[in-house]
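Next up is a structure, given as structure tokens.
Order of writing sets the chain letters: A, B, C and D. Residues in each chain are counted from 1.
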């Protein structure tokens, strides 16, 4: 039997204690488009995303990521993963078609770190409303309609108090993620890791958060901008709204430019992301950064990620 | 048995009647790095390419592309493709390890259009010489060392007088390429096509050249730049060298920015390329452009590709 | 007595036969801010303009530029110019303070080519409404609020069927403009000219239009964008609105990047402008371009200005 | 009599204890062009500078700025300034034509803070050597030939332990500089100031350095880049050379983007500068920033200027 495979990151489902403020932030400041509002959930996507949603917002007492959705490569892979995961001792819960709007039958389960994942295959790819629709046939919405206006979802970064290499192994062995870059510690083989199933350097990153109260921490969701100048424009837009951020800077790891900004409604961190490299090599050897090299890996140049108050807040995933 | 798969575009081997001028163009103007010179072949790559070469130059009487190299996904896929292709009636020629410098055992064969392809798996990934080496562990050369300084090879575009859909079928059926976008004519189902095995919109494009003397025409090789501003900088650099080009403009198809420039040594066209979208969807439905929509597909805005003298010259592949 | 001097280009007052469409174009697509609507005139400016208006719209039967406003260097220079111009045989008409909203006492007069100019000194510099106000003390509006979002007015280009050198002489001798670059013809000493009173290469350009029905033709008003990438973003925004344009390209003369687009309401051409050089030299020797060099002067690279239908329409000034 | 006027910043003459390293930095990394070497002085300029030099290097025991050169508006203004300054009690020293290569007769004198200024009018504007010459008639060198490749000199920033307002008064009263922006302290009326004679926000800035051993400190020389993306490219180039820098960031004051980097040979700081606004208003009211607002004035966003070790080093002017 062909092993089931994940094709791509699908979406992040965020619970926010301040729906109004989070909606303002993601819709008006970041500039995501609202696809649909249904049963108290607001489904959103970037102008270049094709699927029904890459992000959703729902009100809740406490900010947290409800689940991270991944699209399987083939229709039968949802069932395939269910079997494989259960066999490996993971509890799998089925989600009925339509329970998440636009989405077919899916499964949900938790990583050893208790991060909630979802795997689906079927997902609507609705066109945009006519007045918002791009004149290009290969693009859903007109670009640059509002706010920062990123093109598409890029990746997620999850944090944990657990041993990173253990989570890496689960992602690699059960879900087929390939290790692209990692930081090795003196005593630990893996202190942070970047993995992907696509040509991106990472669809998911694993960050250490040794003193977190729970192992299932969420670090950030990332949206992509085509040009580095778009990131500088984002810095202007955020500053005019009185919203603080970290960046601009350039990661050594991934070589991408970044801006980190927090949703004032939920505390969920968003990374605006541009540039970087792609990995086409099937025989890729993971890049290893030592503890000493880590600061260059984090910030090659620019405003540093480290030691900023803005970087200490956290929500669970 | 698992079907053999292609992982990525590897390289283009160019024969030029004016080696000195072509070398000047690709090394000093485009800014490729020379990896090695051996047996009258000069092997080159961009600063962000990992493999030994993504381009090579060799002197010859007439300008032509000797072959287009593709990297297989697994070591056994070279043999796998050999069996499969021979079974399908394609003549397969084996290339010994080292015959092409840095490369392991490979096969060569011709498309029905007589375009020469090569499939390899093993390829050296040498570091750069120390004085040219990047301080980043995931990057071969320092960027911006000279000339236009593209990051990496992006795609090839081949042209033919044959029925495009026939070549498409061969690429799809024998080699596993997926159709991403295409132009449909009134009488012909397919007048131009963009296909890929990666998340790029195209690793290869098929262009019509109905009146060409031979069916195996080469349209261009493309190198990638991270930012659209890099393309405008390229326009300055080319202009200062007195080299004409087409662009800048934006394709509707692929949504990428372009600049087309011809190697004055060989007449081989190079597309400098930036922006555009990626395809992560396993259930991608090819975008179809009608004859009428084709001009927007070719040039969404900017300097048009059509009807320029510079666009009429051609070499064989 | 100190000669009166012009400090800068102030504004362009446009009459449009389709106020609604012109308002949509300048406010929503170009992204100018409306300062005030008074007595059927809509006063506008860019987010980085300080004065009350740099552009105004008023309905009228036929599209035309009512006048081009220039700010004098000293309060007494308005009177100074009045005396000087009358002495030189130019009819001068006084405009009362407040007749043009936000503006003090001013004079209006016509060039030999019948282009209507206005010279003022006093002009309000209102802050933006609070919700639109920049957090920066040296900037009126938040940038990037909407549309293309240029920073400021840059220059005007007027066209005429008259001898260009005659208009140049008037601008130089009566108004103190300095010649920066020009095109010389075989039989005519001056076929096009770029002049300024500031460090810009031109605050005003003179273009030939030999066959125009009247000598007072308007070529375009130009707004400035900080980055060349902003111009490419403008190209996306215009394309999504189905608005055609010329560009992007780079002028040899001025070295600036351009995009030419026409207000669909009036036919008034707008040049979006970025880059280029500044002239600080008091002993500047005008750059002369021969007829032969003119095409490089017009379009160093990119989409050419010449021979486009979009470039043939014209309005009077 | 017409008061003498300064037209623009001319050049900075730097003495360096490590000529070889400084030459490498300014010529190969920053990318300035060497116009001439004469009598142990190396004269340099950017590709878009017109005059013979905007920077010079000479070996000396201790790093210091020998003088800052300013171009007068009219030939007679050199003499005019001499008379005016002497009348005001300033010692004026005459520099013979040719003593500084390419330059006519000039005067040198010291500010009350002991910063050495030079005023000249005549200066050669040599073309570039043919192989380096731009194809554009209004541009000296081909752009993008090497290194960071800035377009032109922009401004100087001098620091002092003296009362800033006293230096401001001297610049305004004796030399005609106009105050554009300043920081006001609680007890002091002026803690930092930005002044210009051109449309730039500043040709010169005054920075406090209360504890400096001497009052004549040099803060930095600045070179201009057209696009913000050019600044990010500069960050890559510097990083690849192992050279640390501050930025990228955006000033509130001037609204320009910055990168601060130190010449490893002399410790002389260079600001790479892009964007920002121009001042055309003759009735400009200086923007005042309170102590509290100062941090936004210094760094609107990005990597902050404050409290970096790299920012503490200093040389005299």
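Everything below uses one rule, namely that contacts are C-beta pairs under 8 Å (C-beta built on N, C-alpha and C of every residue); 3 or more make two chains touch, one makes a residue touch a chain.
Here the structure is a predicted model, which is why all the values come from computation and not from measurement.
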Over-half contact-pair match to A-B, picked out of the listed pairs B-C, B-D or C-D: C-D
C-D or A-D, whichever has more C-beta pairs in contact: C-D
Centroid spacing, where centroids are CA-atom means, of subunit A and subunit C in whole angstrom: 47
Whole-Å gap separating subunit C and subunit D, where each centre is the average of the chain's CA atoms: 31
Inter-chain centre distance, subunit A versus subunit D - centres from mean C-alpha coordinates, in Å: 45
Junction residues of subunit A - those touching two or more other chains: 135, 227-229, 236, 239, 300
Of subunit A, residues touching subunit D in the complex: 227-229, 232, 235-236, 238-239, 245, 247-250, 257, 300-304
Residues of subunit C that touch subunit D when the two form their complex: 2, 7-9, 48, 50-51, 71-74, 121, 125, 135-139, 151-152, 181, 198-200, 226-229, 252-255, 275, 277-278, 280-283, 287-289, 293, 296, 300
Subunit A residues touching subunit C - in the complex, by the definition given at the top: 134-135, 142-144, 227, 229-230, 233, 236-237, 239-240, 242
